[in-house]
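After this come two complexes, each holding subunit A, first together with subunit B and then together with subunit C.
Coming up: the complex of A and B.
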């Protein structure tokens, strides 16, 4: 028996030195080989993917203390055993050379000095205290992605700051704001029982929820009709029955045309509307002249097609839906709010709420919490620095979400003095990076990232690195939302790997910081105690959760006809938003033109979307995901063939993209799969932190070209109200 | 002895590349060495388009040209149908790379023309290849044709099958559904 070393790419086992022994014959006994591999102990630890906000359940396979791979958890309703490319890639970020490996203190432009955690806590805690003592606790801002951590609120509560600001206004805030006002919360599609699905502004195959794609492709196999409305032939269009390219920024007109057809042809569910809708007549009064023909002129979709969509929705109702959408439409146009309203209205007109194959609210549950350990003084709560929910400023914006693009403005006006960024990088993910760089003018900027992102490099006085998600155990999460599931699930991240650097968990960072600030015992619990206290009331032990990775609670959201009520003032779906009328708006959606339009032969609307293997800007330093980008020319900007031909452009040509904010160069992908009015770029690229070597200098980002505007109703950035001129050459 | 085949339905693929990176993780490959790639075919004119993405990899041919040309018998075929390379015997002549009509081979870090292994060491224990288990759209099905309980039978039932480059008479073990668009 001769020993051979395992193949080079099996070097995971190299740490233990022993090579597997296999008989060297042409018909090797692979059962023996496999057994040997298994003898290298592999542990499986449950966690939740951090590649986007879907929190897919996964198992981390750890061998000899090193991550081997991740696999989807079958029990988790978001993953159903599947993971997308970014899920695999982001797990590997634990070995990202772009990680910040210990606390850093700025000592100059792009110059940082490593310091100890003790020094970091003392300096950050003392400085924050000095500034807030002088200017008030409400000058403190905690800016983050949103929905990912739970501990900051305790500190904000003690110092009297309401300034918890999320990224939502740059992403989908029109949707959450409007659905909450009109139906009292979000409703999610039932892929398994629908017979007809329209997707507009949501590309599940690009902004992936793996279980959604699993269920959509299974529905397709059963013969369910899938329609995709998108200016781009997106990844979901690949498997759709029909792709309907729409002039970007005109989805509102399409929806009004569909609603007009449903009502004027008496196709809508009158019984549902009578029982469960408030404001139908008011809506119709304002829109009875907005016919499918009028919608056709605006959208470029024929009136016959618009009527066909309406008739097919009605014919399949209630086993049909207009998918509620996501980032694609809900922060991008002057009419994004009204577009979100019309989405609610069309679904209500076909009466699909709470109906099999229609829309359902998310099943949920309530966690317990550790007992309070801080009984000291609390400052009076101040008013929001960003004006969200504040009378006379942005009264209709959800205060719980905030207006992140205003942070530089708040700093300039003295409304924000100390800003903490938690895994949030507005210098790349918010509009106009040169404007966002002014964040450095705050008295103190602290970033809590994993990697050397732009916000840390250009604005932070201190960087306090958090552990990678596989290196930390976290407060448990309710897994629900976005896609219909009859029961809520409970899952958590458990520590799969020892920290590879001297980064810490958020809880430990906040303990150190608040103690140095002078608040004793604000977080008087360990993460293990937090987990046990959280799960206690629902009867789940942390050990059980660690064993299964994801536990499903009792079924609580099933189709029903009786007892339907909506969490609004009238307990009905409100076609007319009362809060809007109070602010002087008419309250029902009517046609609103996009803010800007491309005019000349070289003008285009700049639109963007998620590439299937990247998660906006947070994956651009990942060597595996960037290798996919390289192999498939992922940084190319899409342009319609006819328009490209007029500009003398062919595949791969360099072009200069410009407007009054920025000028960038890139290569073009010439395609039949894009509406002629626009160019499309992935939302991923344009990394300009030179400490992120894999992504640095590749492609550009749409945020380079948009100003930091604030929509007057829901506070979004209007991210696709952007015209660029394109000319050949530049490189 | 098992009789392994893989069924790939390109009609379901949306091009997410999870198969590629799941495989890279399974086999600890570096970023630029991968055994799975996607071939995109877009046809038609705006606005009437079809896009079919065909996942490509080693076809585990029953008549493998790469084995025929290998001067040292480094490339060999197992009785269960899986084509593998014995790294110790490989002299790096790259004849196999030239012979493979599917361009399935890539040079590994140690200079060996590597390729998809059908997760050979794992499937013998009843595990599913990483590219199959991660695929959200159910593009891929792997199984043992001699095992009546294998999911491969249900996946193949009623499918009109095709093979890549039939003119090469390679007799692949990766079977494709006929393109329906």
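Coming up: the complex of A and C.
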């Protein structure tokens, strides 16, 4: 009989003849086999959680090549033995059949063809080469989450593209930009020794770092006073001594009022300011009339309370801090930049930098690098397509972070032809998804995800799946930041689970792609060699790191009074930013009103935040975490009781939320725990890739309602400058 | 010969024409769960697949009649059905993978919540298939390492055992690893565009039950 054409999956293994008999090693009976493997040993392998960007240390316990348990690494300064719900949930994603299980090629709208890795590399490499040969290497964009070695820089360097773009403009770019300009980098709070803590724009119990919450809770037990300033009664507020429900968008006024009190009542640390501050007089000249009373009118917080905050900060200084904040304030208001500046200024006024109970820079170290293996030609570097750091465009924006929300615009203008998205899903996490969908108009879009995210489904010509973090070894990381810790720690992800090559790690993906592109030996090292070369200069062997999971280096950041210097032009904390003055701005913060204000009876400012069991949009499809959502009505939109009553709304009612960009429906949570001017939604929901079946169609996302704006100074999206109207009904 | 005796227990059984036909039949079914290339589509459309199934099943002593040619539309439609059923740009979808339809592990020592659940990859059954494949000196494609118990691989393996005359092993294999097709079918029929795949599963189950 003539055989029909077919593509057999099973092959005789290389070097092995066809079996002539049944091997003795074969256990054919499934029940016997399943029983036998129960005797396998449990081993443990260190890794770093991928549930958010905190990189908490964990141990993956492994039995017969599969995940047996995960637990926090006691030695890691982020986890201190604990993982949050996200950490557990995301670990289990490894067995999710909804993963992209092999490379995919688009063959039509919402239609993909599974292809082999070899085919994928050849097609993507060849097409990229053809496009860049015609239009130039600077038309290539690498867009990613950031904060992780991506190896992309080597390729960008060879083709002459400066277009490495991260997601930070949608997250906290105002903070990092401003702190770098004013004091040379980020500083972190000393929870263990502070006597007084103000948290504004940061909810450690929502965007959880387990060790931070452990230490804040311990501080609370010691009697440390904790103040939470937030329009919402957030999770951290539940353990605070006081929750101050500020009018959203007015934290800058509060900070100006506090600074005014500190200075006008002579409560500030004059010695510290004289020694370590540049531009104090200039700042005061512009703000000497911005009293606590004026701040009270804007914030809705009484002048007495504002003065009390200032006096308490001063009374406990330097064992006190205004926590530097995170996502909540630093990409979301027209005044986010000035708010970040005032955070630096208040902490400087109480002189808490480098002081016990105050703020400290992150302890760090420097890794080595594998030797270069590519010595071929390199193209001349082009100019950034997003304009970040470019004179006449966005000169003050950090080029290292970029302006991701501009990618559709760059494509439309022909400035971007080939776009690779790595671990980044702007169609859901960047403003205005319908606008972001224009990304598909690029000549070639490649997505490197784990799951079928919206960017992959709607725009990617090819999907090259990266493996789960427990399936791979990675370049090591310095564990630091967010929390004061006197010594840097070094940790890494090691391959914990059985090797499966349905998906690959990023280094192997880039090796395959660049070879097909025509660049030989650009990444002429293995991940093992990369790790050894990285750890070499600090005297740690990969084996030692794998054995211990996390290694702490010698103590390098301790409280000090002598020898304090800041990594700025004046070596002081600069209250006035010179780069701003050069671009025609004042250089010091002054009051700036929010861009938009709710006016009518049914108008609200739409704000958002993290839930303790989700990590923005990246966990929305996790069945375990979504089960928590179901238990707690997690998709509900919060609304102040008084405002809800006026609209005739009660708990669980359906409402229609609308503005000129979008109209969505959702259910409301009616609560006293929210400022009346706003409604609050978790940043998690609104999945519209129906391949993500656990999250699909649940709730909505704030990005649906905001345009892709670009702040002129730091490039952020002003994500909470958004007014919506709300009406009853609409399911 | 001594070395062979050391490593191998049961010598392979004699292979009859009936075995060969039966084995070939499952190769044809295995092919139907791969991405539909145009050539395969044409073979479905012109009735060649139905004809081969009819001939092979008769020779194998398990006669069945199929009419897949009447159940497929255009090439674009079968590609869409493959996407919807197995890749799933719409939900729900029904991955053709045994682990998904069985409890992940019977090893109660595991401390992950999925241990007693269905719906996950790389369950006990996948480990068993990986074990069988390796023991027989076979290999599966790199892209399927995460799902060695993909239906195509199971059917090719079942075919291989029959082809090699390992009849009792094949029977054991069928009992252990091809018993989930009714659950798979039930998942498929929840998908709007489930043809021709739901009918293929029905016919496959029919011939396996004979």
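One rule holds in what follows: the second predicted complex is superposed on the first by the 687 of 731 C-alpha atoms of A that agree within 3 Å, B and C clash if a C-alpha of one lies under 4 Å from a C-alpha of the other, contacts with A are read in each partner's own complex, and residues count from 1 in each chain.
Here, a contact is a pair of C-beta atoms (placed from the backbone, for glycine too) under 8 Å apart; a residue touches a chain by one contact, two chains touch by 3 or more.
In this text, all values refer to a predicted model and were calculated from it rather than measured experimentally.
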- Task: Considering only touches as defined above, state whether A:64 meets subunit B (first), subunit C (second), both or neither.
- Result: second
- Message: Quick check for you: in the superposed arrangement, does A:502 touch first (subunit B), second (subunit C), both or neither?
- Response: second
- A:101 contacts which: subunit B (first), subunit C (second), both, neither? second
- Task: Using the touch definition from the top, say if A:391 reaches subunit B (first), subunit C (second), both or neither.
- Result: neither
- Task: Check the residue A:696 against both partner chains and state whether it touches subunit B (first), subunit C (second), both, or neither.
- Result: second
- Task: Have a look at where A:112 lands relative to subunit B and subunit C in the superposition and call it first, second, both or neither.
- Result: second
- Where does A:457 make contact in the superposed view: on subunit B (first), on subunit C (second), on both, or on neither? second
- Query: Just subunit B (first), just subunit C (second), both, or neither: which does A:92 touch?
  - Reply: both
- Message: Tell me the contact category for A:624 with respect to subunit B and subunit C: first, second, both or neither.
- Response: both
- Task: Show which residues of subunit A both subunit B and subunit C reach, each in its own complex.
- Result: 4, 7-12, 24, 26-28, 30-31, 33-34, 37-38, 68-70, 91-92, 624
- Task: Give every residue of subunit C touching subunit A within the complex, in rising order.
- Result: 4, 7-12, 21, 24, 27-28, 30-31, 34-35, 37, 39-40, 43, 48-49, 52, 55-56, 76, 79-80, 83, 87-93, 95, 97, 100, 104-107, 109-114, 119-125, 127-128, 131-147, 150, 152-153, 156-157, 160, 164, 166, 169, 172-173, 176-177
- subunit A residues touching subunit C in their complex are 1, 3-14, 16-31, 33-34, 37-38, 42, 61, 63-70, 91-92, 95-99, 101-104, 107-108, 110-114, 116-117, 452, 457, 498-503, 624, 690-691, 693, 696
- subunit A partner, complex, touching residues on subunit B are 11-18, 20-22, 24-29, 31-34, 37-38, 42, 44-47, 49, 51-53, 73, 76, 78-79, 86-88, 108-110, 112, 114, 120-122, 124-125, 130, 133-138
- Which part of subunit A faces subunit B closely enough to touch in the complex? 4, 7-12, 24, 26-28, 30-31, 33-34, 37-38, 68-72, 81-85, 87-89, 91-92, 205, 208, 210-211, 213-214, 217-218, 220, 233, 235-239, 243-245, 612-613, 623-628, 630-632, 640-642, 671-674, 676
